[in-house]
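Consider the two complexes below, in which chain A is the common component and chain B and chain C are the respective partners.
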Partner chain A sequence: MYKTSFRYLNLLFFTLLVLLTFSFFLPYLFPGDLISNMSGVTPATDAQRDALERSLKLDQSIFHQFGQYLKNIYEGEWGVNKVTFLSINSEVREFLPATIELVFYALVLAIFVGIPIGVLSGIKHHGIFDFTTVSFSIAGYSFPVFWLAMIFITVFCLQLGWLPTSGRIDLLYDIPTKTGFIMIDIALSDVDYKSQAYQNAISHLILPTLSVSIVTMAIFIRFVRRSMMDVMTKEYIVAAKSRGFSTAQIVFKHGLKNSLIPILPILALQVSTLITNVMIVETIFSWPGIGKWLIEAIYQQNYPAIRIGMLVVSVLVLVMTISIEFLTRLLDPNRENVEHATV
Partner chain B sequence: MQRFNHYQEEYYPSPLMHVWIEFKRSHIALAGFVILSIFIFIALFGDLIAPFDPSQQNTNAILLPPSWEPNGTIIHIFGTDSLGRDVFSRILYACQITFGVSILIVMVAAFVGVSLGVVAGLLSGLRSSIVNHLFDSIMAIPTLLIAIIIVAILGTGLSNAMLAITLALIPQFVHQTRTFVKTELQKDYVMLDKLDGASRRRIFFSSILPGMLELIVVQATLAISIAIIDISALGFLNLGATTGMTELGQMLSQSLDVAYVSPWLVTLPGLFIFLMVFSVNIVGEGLRSALRNRLKL
Partner chain C sequence: MALLEIKNLSLYIPTGTEQVKALDKVSLTLAAGEIKALVGESGSGKSLIIRSIIGALPETWSVKADRITYDGQDLLNMSRNQRRQIMRRDIAVVFQEPTSALDPSVKISAQIQESIPDEFIDKGFIWQRWKQRQQISISLMHKVGIKDHERYLDCYPHELPTDISQKLMIAMALASEPKILITDDSTRGMESTTKTQILRLLSKLNKTKNLAVLFVSHDLLAVTNMAETMTVLYCGQTVESGKVKSLMKKPLHPYTKALLDSAPSFQVSLPPKSELIALKGTIPTLQHLPIGCRLGPRCPNAKKECVVTPIPRKIHEHQYSCHFPLHFPNVKGPDKEVHL
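And then the complex of A and B:
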């Protein structure tokens, strides 16, 4: 147990170090002036330039610079946005919760709808229900997420007019930002139109969540079904049957638990696809998250923002992936001896 | 003369034929194969079928609806866009780029990834662990993020988007190949080779590689569908194909402004991306189950 935790912490540490090193060298690769690529400030005078150079330790060796970079990252001094002149740290704090919120809802929806459907069609495979779900799942993971989002917009927003096209909540509702998660913010705020605000926020949330989660859901259905089918032919299931357990007992006690173990590594692999999809969907629905912020930074050639945004998003993916892998290892000790810790 | 025969059957198909016989049995997979062949045909000869030049603008026929609508004409089968360009020809050209480029990307990624994976699989100890960790940490970075960084460094353009997606696809091949080689090396037939005194290179090329081809094909179909979606996503975000080219994702993003007046401009290119990915996935799925079941015959 301690050994496993240590191994995963070790993996997390080294991967973070690789990412930090990579992001440290990015400003050298970007076109333009090194100092403004690093800090986001374009120095007006020579004195200013010298001061910036000293503060980034550009006059010293590359190891000092790297040390200074790590220190700045740790202290939250991530530089200034080239376009808005705001501190990147405060911007990330504002936009990252919106992304995490969307990822969370999409994942919850995908898990709570996808896994039961997968289990059902895995138990009664080769029936009508199974055939329908398999067709849905193959179609589901063939959808390009941006097209799905646009079809949703055309149908539900432009033609039927049921749901709003963009943003997280209407400007009419003045919800003070505390945590950055809109649902929690509404709960914390002391406005007297809470239920309307919730309705409005949920109507903004439906389409982005649905477009992200359909792809992930389809993949879950497919793998849960496959794994359920494999488990149900195992000998311990036959043994349980011959001892006279009811179908419900067999499925819930023996089948489900064993069939869900191989799902966790799949979930870990899906995290990066999920984040990519969320970034695209954010741009389409003008969801004020880190993905939209990062893609806008590209259009504006906003290099300090790209550097930090890349670091933040990949750390998010990494932490999610490694914690899922760690959870898998804890739940399934059989994997212990098979392979070493990998992402 | 009576020949000595190991088998009871008169006709014994090759392993490849076994796969085809098993694959044929699934009608859905066969239908997917037909659609995929149509796309391959378009990718090769699309510019010969196209009735118009994809960038030829006709200001007398702007935003014509497709031919099955009451106002449509048969001259422009899929109608025209906001500049009066023929959508059918544009889609044919765009399929050529999207599909052709995806296959090219996957070929390069498969070659590089499999070579690196073999090296990583044959290595052992500290070196192997360094290589593995490096590739696994690249695998954790989302494709779009790699693309954004490469575009930030090199600027937008189709070739930079291709580079980004290739880089993003390589780790998966490395991972698969490495695991495969590692498990095969433990097996008895490799031990037999070793006892016969075969060199590591010989063990790999004559014993492991033939068994690996199927794995590569299956992984490649998966990678093609990812590549199609990614290249059109980058085109959609204006990070991929530039305005001079026609690419399905880029066509979608150009039609955003007129989506309210002419929804078919959004529907049609997306439908083609969907069909492309769908057929690749069906064929991949069919191949996978054919490979799994062919020995049960």
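And then the complex of A and C:
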């Protein structure tokens, strides 16, 4: 157990180190002035340039530079946004929670809708329910996310006018930012229109969440269904049937766990796809998240922001992937003997 | 009164274009407190019979039978729930592969406790009930000869040796104190001491608890030691059934004779390095079953009449399905019934 945790921490540490090294070398590869690529500040005078050079240790060896970089990252000195002249750290703090919120809701929706549907159609496979879900999941799987998002906007916002097109909450509601997660912020705030604020926030949330999670949900349904079909023909399910257990007992106690264990790593891989999709959808729905921020930074050739944005997003993906892997590892008794941590 | 009675059970398996008759009018009876052996080569449909009894067949397969009854109740026409209740309490099955018949993701202790029916737990509070379940499962393990229960309770199935798994399967089958125990070749590939232990355990349960055992095996030596009656199966057809002793002494069907001859342990006067007696050819595949008596193409006594399926005939307790039974030189040709 301790050994396993250590191995996963080890994996996390070295992968992070590789990421950090890569992001350290990015500004050297970008076109333009190295100092402004790194700090985001374009020096006006020679004295300013010298001061920046010294603070980034550019006058010393590359190892000192790397050390200084790690120190800056650790201390939150992530440089200045070239366009807005705000500190990148404060911007990331503002935009990242919005993305995490969207990822979380989309994932929860995909898990709590996709897995039960997959299990049901796996048990009653080749029935009407199964054919319906399979057709829908193939359709859902083949939609490009951005296209689906735009269709949603056309239908539900522009034609039917049921839901708002963009943003997280209407400007009318003045919710002070504390955690950055809009739902928690509303709960923490002491405004007297909380329920309306909730309604408004949820109506903003529905379309982006749906358009991201439909693809992931379709993948979940297909994998879970296939795995459930395989498990239900296994000898131990027949043995459980021969002992006269009820169908619910067989499915929940013996079917579910055994069918989910082999596919959890595959599902974990979908998380990174989900995050990528969230970043695209954010741009379409003007959701003030890290994805929209990063894509804007790319348009503006805002190199310091690109560098930090890339690092933050990849750390997010990495941490989520490794923690799901670790969870799978804990759930699966057969992998007790496997010594190595892998992603 | 037979406890379990199967009459003319046929099983059809769809294979793309046509339906294969995997079991052809198999009949079997098991009386209360009897040990019956079901003998046949692998592929002769022993496991299919068991699966038909417990009702764990794929939905596309179709079962046709005159009757499958347990204690007078028709298993085929009762509701799923009733059938489940009977399986829960009265019929228990020990499967062929113990390691694959145990759920790989659940600990042994939980699996044994799950197989104890709720009716056996009579304590009031939840912790007392939990404790009672634990005690029952430990005593079950002791009963099947697992002495150091501490060592195995907390294991997952893949951590156990096969013989312990097999004993656990038997313990779980016995948990509901069934009237019938069906063992599907449960001693295959076991070392002889463990095998003896398990066979002895089954005989003991048969004597003390009046447990009826349907002992499916192709281990003839074990069968002759344990069982009183046996049914021989070839390629999905019942070939011969009766008391073990009379079958051993005077097999009426050529297949039974060939089966007994092929086991060197029964040949007292077998000279060393002599060739074993065996039928020519191999057991046919399901796609290429011969019509009539399925032994036909391999049978040394086969004649023209054998393309018609022989009707089971009975001499005292001894039943056989053959047009030209052995030891009856006076019987000439098939009798009238066949032409009907």
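Basically, the second predicted complex is superposed on the first by the 339 of 343 C-alpha atoms of A that agree within 3 Å, B and C clash if a C-alpha of one lies under 4 Å from a C-alpha of the other, contacts with A are read in each partner's own complex, and residues count from 1 in each chain.
In the analysis below, contacts are C-beta pairs under 8 Å (C-beta built on N, C-alpha and C of every residue); 3 or more make two chains touch, one makes a residue touch a chain.
Keep in mind the model is a prediction, meaning the values are calculated, not measured.
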Task: Fit-or-clash call for chain B and chain C when the two complexes are aligned on chain A - done: fit
Task: chain B versus chain C as contact partner of A:Asp332, first or second or both or neither - done: second
Task: Superposed model, chain A: greater residue contact from chain B or chain C - done: B
TODO: Have a look at where A:Lys253 lands relative to chain B and chain C in the superposition and call it first, second, both or neither.
DONE: second
Open item on the list: Taking the superposition on A as described, I'd like to know which of chain B and chain C A:Val238 touches: first, second, both or neither.
Closed with: second
Open item on the list: So if I put the vertex at the Cα centre of chain A, how wide is the angle out to the Cα centres of chain B and chain C? Nearest 10 degrees is fine.
Closed with: 70
Open item on the list: Under the stated touch criterion, which partner chain does A:Leu158 make contact with: chain B (first), chain C (second), both, or neither?
Closed with: first
- [ ] Scan A:Val224 for contacts with chain B and chain C and give back first, second, both or neither.
- [x] neither
Task: Overlay on shared chain A, then closest C-alpha pair between chain B and chain C (Å) - done: 9
Open item on the list: Going by the contact definition given at the top, which residues of chain A touch chain B in one complex and chain C in the other?
Closed with: none
Task: Contacting residues of chain B [partner chain A, same complex] - done: 129, 132-134, 136-137, 139-145, 148-149, 151-153, 155, 225, 229, 232-233, 236-239, 249, 252, 256, 259-260, 263, 266-267, 270, 273-274, 277-278, 281-282, 285
TODO: Over in the complex, which chain A residues touch chain B? Could you list them?
DONE: 11, 14-15, 18-19, 26, 29-31, 138-139, 141-147, 150-151, 153-154, 158-159, 271-273, 275-276, 279-280, 283, 291, 294-295, 298-299, 301, 303, 306, 310, 313-314, 317-318, 321, 340, 342-343
- [ ] Report the residues of chain A in contact with chain C in the complex, numbered from low to high.
- [x] 233-236, 238-246, 249, 253-254, 257-258, 261, 332-334, 336
Task: chain A-facing residues of chain C, complex - done: 51, 54-56, 58, 84-89, 91-93, 95, 97, 100-106, 114-115, 156, 158, 169, 172-173, 176
